[in-house]
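In the two assemblies presented below, subunit A is common to both, partnered first by subunit B and then by subunit C.
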Partner chain A sequence: MKDAKDRIKTFLSQFFGNHELQEDDDIFAAGFVNSMFAMQLILFIEKEFQVTIENEDLDLDNFRTINAIAHLLERKTTVIAAT
Partner chain B sequence: MKIELTPQQEKYRSEFKAFVDESIAPYADQWDREEQTPSHVIQQLAQRGYLGAVLPQICGGSGMDAIAFGLVNEELARGCSSLRSLLTVHSMVAYALSKWGSSLQKEVWLPKLASGEAIAAFALSEPNVGSDAKAIETTATISGNAYLLNGQKKWITYGQIANVFLLFAQCEGKPSAFLVENTRPGLFIKPISGMLGVRASMLAELHLEDCKIPQENLVCRQGLGLSHVASSALDYGRYSVAWGCVGIAQACLQACLHYTSQRQQFGQPLKDHPLIQQMITEMIVNVKASRLLCYQAGYLKENRDPKSIMETSIAKYFASTTATQAANHAVQIHGGNGCSSDYSVQRYFRDAKIMEIIEGSTQIQQMTIAQSGYSESGARV
Partner chain C sequence: MISLTSGQSENKRDSSKPIKCVVWDLDNTLWHGVLLEDEQVFLREDVVSIIKTLDSRGILQSLVSKNEYAKAMSKLEDLGLHDYFLYPQINWNTKSSSIQQIAQSINIGVDSIAFIDDQPFEREEVSFSLPDILCIDAANLEQLLEMPEMNPCFITEDAKQRRLMYLSDIKRKQEEEEFVGSSAEFLATLKMSLTIASAQEDDLQRAEELTVRTNQLNTTGYTYSYEELDYFRQSDQHKLLIASLNDKYGTYGTIGLVLVDCQVSLWTIKLLLMSCRVMSRGVGTVMLHYLMQLAQQHNVRLCAEFVANDRNRIMYITYKFAGFKEIEKTGNRVMFEHDLTHIQPYPNYMNLEIRDR
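On to the complex of A and B.
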């Protein structure tokens, strides 16, 4: 979990300049993201963690913070492991 | 590091080139004048599997890799940019639907799009809305178990013949994506003619007057129409257009190499004049540079790398400005002949300009690329 959060933070940091991103910072509210960000984030998550983001995952709350993304990954990998 | 096509990609390239040389390039000027793409040509694209290029074989697609898809775009555009634009918009919808469509939407539409039984078009632009997509004025109102669509769409590539539109509208104030079949009552399709370039691409306006579609035609979720559905589609669109620009620039270069070898002025072939050589050099170098940027974007896209989004934007920006410069040189080199409908370079010139406007204008790309550069450096715009 800690490792996943670090990898997410490293990826997100490139969009946040010198701002030190915290695990509970709302990345959408911060206003740092542009129109291509959503696709870049999804591609990152899918490639980095070998999961597929589906329609049903697309609740913005799943992507709002580093912690939220980590929790989504935890749920998805649990589902994959159980199947 | 190795930049080299695989044997399969080489085979594809030879096939695309032969098809374009024989069945597309000799007729493209005529289609441009008639402002029509003959249906038998679209059927040929379908039979060859090009319309299902971005779809996996499991749903009837060709399952081409990103580089092969790029190559078919380059070759088609070398012959006819209008036809390339059909592949662009059809593939944009197919890709977005394969990523964000419901199980039912995928089951119904992907096999039809893959085989070319259905042609798809992308309906985002409006009379008052171009680059500022968030400002779309078309509305979708919930009415029982249906949506009622009202508004107008404009500049819809192949809108005259599309069977289904991926259409964007504000639903409860949130941009959302919908599938709209061309048979829906309340949808009126008005052809657009007299455009500057890509004149055979059968543009249309769509007028929606209480056009009723079932709730299951919503693609993805309400509010994610632009950030996810349109963004996915437009990323593929930019990639397709970038390669298409390489094709236009390559066609300009080939035309100029031929013309300057034949044409004599001041007692010597044009090719021996240094200022002609300067223009030829710029064309050769920029075509190669554009193609390399497209290879880079394709390689990243094939690997599902998040960097592919910006690299595609960079490739589109550079290739589209290269195409307009190459076409400008081509007309200049051809002189009066270049301004005549007897020579294809006048078509390349008109088509190239359109490439700097569609799928994110040059200025939008400049803003996006600069912003990304500042972000990467740790600063902010």
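On to the complex of A and C.
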């Protein structure tokens, strides 16, 4: 999961300039959610980690921090492994 | 009905779908002669007036030409035409790939593009790769302005300024790419000002135009006629709000619309849409937050209808990330509700003006 967090962080860093993003920083705290960023984030996660983000997963709390995204990925991959 | 469609594209395109961008070839299309071979090239008769007329109708224009970029652009500058073409693609790539590049840069579907070229080979290459495109033989240019696809029902104030708005967008994008800092910091440098106002009679043509033109950033795809919109505007059981945005580069024009059905204890957002030019500005979320606050003040529930299509997932995400929850689902239709317990303050990078009656 360390690796996944790093990949998420690298993706997010393009939106956060020089600010060093911490794993539990609220990425939506600085400003409002804009549709473009939200969409880019979802598409990145789906493509990078080969998962499908279902409508039920689209809760802001699942995407608020790098840790939250990593947890979501963990849950999704365990479900796949279990079936 | 005049049909200038050539080759394979003939029966594939729905002619009622308006053209948003006309893409021109240069050699033997825009001008007579071949720039890199002939000593001189001459503009085709009436071409300037065609370009200016399309521009005044709010139809964007671009170029695809197999040519030397610098030479072609300096020729266009001499002719005083260079500013009419957005994202010109002057290179040696296939024309279909250049057109896709233009569609992507402007952020429109290829089905709303018309391509003019004198060479059957090029038209066929394009319509083979992009069957939804409208290909036009340069020999038929004199009938172009009469085609139904080139005649929008209304020409709004926004339409007349459309090209200039895109030009300032290009400037914004350049500056954004060069900007060192976070997205939020960049947005702050734009000094944006959003106005949310109840629609007035003058706004209805643009409102109708937005419902027809906007596919991607549209929550339900419901379209309403001028008369229906005029009724909603005056009805006590509806709220028809339009949003316009300005920043230091100029105006984006009217870029958002929301229609709310207002019952005694329940408000339902029937339609929320935004122009794709503002998709990274947070406008949709700000409009939703305005409605949340208002619903809270009026002590009513706030619901929103959503109809999924293959292009509007971004609006589903916008609702979900704004805190709306699905309360009902049938097929591709969803009913959302926001519990109004937690409403974020407005973002500080945008100045907000409300003119709601």
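As a convention for this text, the second predicted complex is superposed on the first by the 79 of 83 C-alpha atoms of A that agree within 3 Å, B and C clash if a C-alpha of one lies under 4 Å from a C-alpha of the other, contacts with A are read in each partner's own complex, and residues count from 1 in each chain.
Everything below uses one rule, namely that contacts are C-beta pairs under 8 Å (C-beta built on N, C-alpha and C of every residue); 3 or more make two chains touch, one makes a residue touch a chain.
Because the structure is a prediction, the values reported are computed rather than measured.
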{"item": "Subunit C versus subunit B on the shared subunit A, clash or fit after superposition", "value": "clash"}
{"item": "Contacts of A:55 with subunit B and subunit C, given as first, second, both or neither", "value": "both"}
{"item": "Subunit B versus subunit C as contact partner of A:35, first or second or both or neither", "value": "both"}
{"item": "Touching partner for A:11 - first (subunit B), second (subunit C), both, neither", "value": "first"}
{"item": "Partner chain(s) touched by A:47 [first = subunit B, second = subunit C, both, neither]", "value": "first"}
{"item": "Subunit B and subunit C footprints on subunit A, overlapping residues", "value": "15-18, 32, 34-36, 38-39, 42, 55, 58"}
{"item": "Subunit C residues within the subunit A interface of the complex", "value": "180-185, 187, 217, 274, 279-282, 284-286, 313-318, 320-323, 326, 344, 346-349"}
{"item": "Complex contacts: residues of subunit A adjacent to subunit C", "value": "15-19, 28, 30-39, 42, 55, 58-60, 63"}
{"item": "Residues on subunit A engaged by subunit B in the complex (per definition of touch)", "value": "11, 14-18, 32, 34-36, 38-44, 46-47, 55, 58"}
{"item": "Residues of subunit B that touch subunit A when the two form their complex", "value": "100, 102, 220-221, 224, 226-228, 231-232, 235, 303-306, 308-310, 313, 368, 371, 374-376, 378-380"}
